[in-house]
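Next up, some structures in structure tokens.
First subunit A sits with subunit B, and in the next complex the same chain sits with subunit C.
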Partner chain A sequence: MQDFYIPATAMSPEIDFRFSRHVLNIKGESYPENAAAFYNQVLSQLTLYLSSPEHKSIEVNVELKYFNSSSTKILLKLFEILNDAVHAGNSITLNWYHDEDDDTILEFGEDLHSDYERLNFNPIAISAA
Partner chain B sequence: MLTQTQSFVPLAAIKPGSIPTARDILLQYPVVSPAETNNEILHIFAETPHLIGLPVIEEGYAIGLINRNIFMDSIARPFHREIFGKKSCIAFMDKTPLVVEQSTSIQDLSFLVVDAGKKALTDGLIIVENGRYVGMGMGHDLVRVISNMQAQKNHIVMESIGYASVIQKSYLRSSRDDMASTLKDYFIHWEPRDVVGGDYYYFSKFDDGFFVAIIDCTGHGVPGAFMTLIMASTLDHVLTHEKRHNPAEVLSMMNRLVKVSLGQVSEKVESIIGEPVTADDEATSDDGMDAAFCWFDMKTNVLTYAGAKMPIFISQRGEDELITLDGDRKGVGYAGTPMDFVWENKEITLKKDDCIYITTDGIIDQIGGEKNIAYGKKRLRQLLQSCRHLPMIEQRNIVMDAFYTYQGEHFRRDDVTILGFRI
Partner chain C sequence: MDLEGFNEFRDSAHRQGILFFYSGYFSQNIIASMADAVRHRLESQAAKGSTTRKVFSTFIEMAQNIIHYSADHLTDETATDHEMRFGTVTLGRQGDSYFVVCGNLVPQDAVPHLSEKIDSIRKMSAEEIKAAYKETLRAETEASSKGAGLGFLTLARDSTQPIEYSFVNLPENGNAFFYLKAII
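Take a look at the complex of A and B:
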């Protein structure tokens, strides 16, 4: 399956899905005017990738600074899809990047961890260089 | 030979509501015929310095456009005057200028001009009616008409949003009045990001206490404001005399009502996920609210709180840290929230001088500061605790000043609402 890439804008994150290497990266901020329209293609690509029968070991890197409430709902759906994919026999590590002082993003990650227990949740604090 | 003199069509004459066309930038312009010589053209350009170009007309039809600069450069070359001076002026004209019917809309015209490249903007374009020449249009007039159209549309939209704001504020009036007559020391700061917004507050006094709610509907701007009106009228409907002591029950009832009225029942939503995108999917709404609902009993001083993804903070004298009461992690009305979801009431007995703070996520999630990260709960909690001894209105100024400073040059991400009151 072809890799999938959307460059970042001020309002939407960079989507860098390297399906060939089983590495999925999401980075930036997310407050597009129409979050459903932005993420629908992302989710359908992801679903297509996960629909192949082979069992994969997948690395997911998420480094988001801000997402609005409509993006939040869709991101939760994305993690649910990943969580279900573990049930289907894949193994998934979620690297959750947050600034060391950013309690908002860290808390969100911890909530994710308790909601989607099958994901191997790995919070990573970024310290200012 | 100059056959027509110029007269400007005043651009302000465009009627609101009419669709502007090429006619709106039409200029009566001097023209020449192919019989005229380059010497005559040189003379015309010398006599009329403001002319950018000269359309060449043959039997009523435009056959080209002489650009002043190109013409002057060409004729000034060695011996050109001697060779071309007495020849037809078509020698140096552009044979393919942009020609448009005067009924062409300004929007179509602007695309044509862009497609034609730089020359249509600098040389102007020829405007015809049923193919016959009627005048010229200039690039800067086109830009002016487009700007006017933009400004006019903006004005209409902003006027309409301005009035929407009047409606939204009038919905808040009874809450404001009840708050002012019930609470002795309090502040409410309500600041929609886009004049109107999805944040909302509600306050209702009863004989034995008061009910207070802070609400953060999905979205901001006009769609957010729509949602607040739906929520406000639903809450008005649900908050009966017997229900007021039970905020969790009020949340549950609102959840059911909103899900039904917006058609956000789960079967519909599951089809959005994982399926290829269709136009129908995007039209399905999945809207709701995060909220903190509180009942305060004035006889017993017990505060009953139920929260949908919105905590409340309680500051007590002599403590280092605020107490946080967390709500349930389900929003109200969303497709993903079950129809029968039950929120939990939490009770806390308050003492005199305790301060209660409730805020939407607008402050906490705002990006800013040196590190470009969210303001955060921790920062807000520390700030509130440090200024708890001050009158509430001063606390508001301190909190908002700190927030504005933190936001700095960053784009405001969301609506902001914060309520504080002292028991």
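Take a look at the complex of A and C:
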């Protein structure tokens, strides 16, 4: 399957899905006007990638500086899809980057972890520049 | 506006601790530019990182509420993208806390539902707000929402005091002016 790339804008993150290497990166800001429209294509690419019967070891890196409420809802959906993929026999590590003093993003990550226990959740604090 | 009027305006803004003010049409590109300005303004205040993040989040949620729901729009009522709607937003500092205030028109018939929604959040403790936030995040989205139905809960979650609001009915056009304030 072709790799999938969307460049970052001031309000939407860079999506760098290297399906060929099983590394999925999401990085930047996330407050698009219509979060559903932005993320729908991302979710459909992801679903397509995960639909292959091959069992994979996947690394997911999420490094979001800020995400608004409508993005939050869709991110939850994205992690649900990943968690289901673990049920289907894949192994997934989620590297969850958060600013060291951003407790909101860390807490959201921890909630994700308790909801989706099969993801190998790895919170990583980055120091504020 | 002559110099005297301009100075009065600036003095008044200064007295009220205003760090940022915008009144006009809101588009997503305008919000992105304001977000940049607001972030720099907050960083220059040397506030704690977590406070800066909460103020920033509040600012974006309010600005996007205007873009989605203001009754004064240039774009079609049913549009969900590339919208242009009129509103006002301001950010300021009073002592050790920040406030974000926004104002826009809403249809009068939306007032009871909005009041009910905000009143129920105003009564919640911080723990109850967190619980309601988690529950709403995992629930199906309300049909009337263009986002996640989480906007007011997100404001409440990031605020240190209950969010404040008022409506002023404008009988001449069937709208009401919606004032909303959060303190962080």
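Methods note: the second predicted complex is superposed on the first by the 127 of 129 C-alpha atoms of A that agree within 3 Å, B and C clash if a C-alpha of one lies under 4 Å from a C-alpha of the other, contacts with A are read in each partner's own complex, and residues count from 1 in each chain.
Rule of thumb we're sticking to: a residue touches a chain if its C-beta (ideal position, glycine included) is under 8 Å from a C-beta of that chain, and two chains touch if they have at least 3 such contacts.
Note that the structure is predicted; figures quoted are calculated from it, not measured.
*Asks:* Assess the superposed three-chain arrangement around subunit A: do subunit B and subunit C clash, or do they fit?
*Replies:* Partners clash after overlay.
*Asks:* With both complexes superposed on chain A, which partner does A:Asn34 reach: first (subunit B), second (subunit C), both or neither?
*Replies:* both
*Asks:* With the two structures laid over each other on chain A, which partner does A:Thr47 touch: subunit B (first), subunit C (second), both, or neither?
*Replies:* First partner only, subunit B.
*Asks:* Is A:Lys56 in contact with subunit B, with subunit C, with both, or with neither (first, second, both, neither)?
*Replies:* A:Lys56: touches no partner chain.
*Asks:* Between subunit B (first) and subunit C (second), which does A:His22 come into contact with in this model arrangement: first, second, both, or neither?
*Replies:* Neither: A:His22 stays clear of subunit B and subunit C.
*Asks:* Considering only touches as defined above, state whether A:Ser69 meets subunit B (first), subunit C (second), both or neither.
*Replies:* Touch status of A:Ser69: both partners.
*Asks:* For A:Asp111 in the superposed arrangement: first (subunit B), second (subunit C), both or neither?
*Replies:* both
*Asks:* Following superposition on the C-alpha atoms of chain A, which segment of subunit B from the set 4-12, 310-318, 346-354 or 382-390 overlaps subunit C?
*Replies:* With chain A aligned, subunit B clashes with subunit C through residues 310-318.
*Asks:* Give me the intersection of subunit A's contacts with subunit B and its contacts with subunit C, in residue numbers.
*Replies:* Touching subunit B and subunit C on subunit A: residues 10, 31, 34, 37, 66, 68-70, 73, 76, 99, 101-104, 111, 128.
*Asks:* List the residues on subunit A that touch subunit B in their complex, please.
*Replies:* Per the stated touch rule, the residues are 10, 29, 31, 34, 36-37, 40-41, 43-44, 47, 65-66, 68-70, 73, 76-77, 81, 99, 101-105, 107, 111, 128.
*Asks:* Under the definition above, what is the set of subunit A residues touching subunit C in their complex?
*Replies:* 9-11, 31-35, 37, 66, 68-70, 72-74, 76, 99-104, 111, 128
*Asks:* Which residues of subunit C touch subunit A in their complex?
*Replies:* Touch residues, subunit C against subunit A: 28, 31-33, 35-36, 48-50, 53-54, 56-57, 60-61, 64, 67, 80-83, 134, 137-138, 141, 146-148, 150-151, 153-154, 157-158.
*Asks:* Name, in rising order, each residue of subunit B that touches subunit A in their complex.
*Replies:* Touching subunit A: residues 216, 218-219, 272-277, 281-282, 286, 290, 329, 334, 336, 361, 364-365, 367, 371-378, 411, 413-414 of subunit B.
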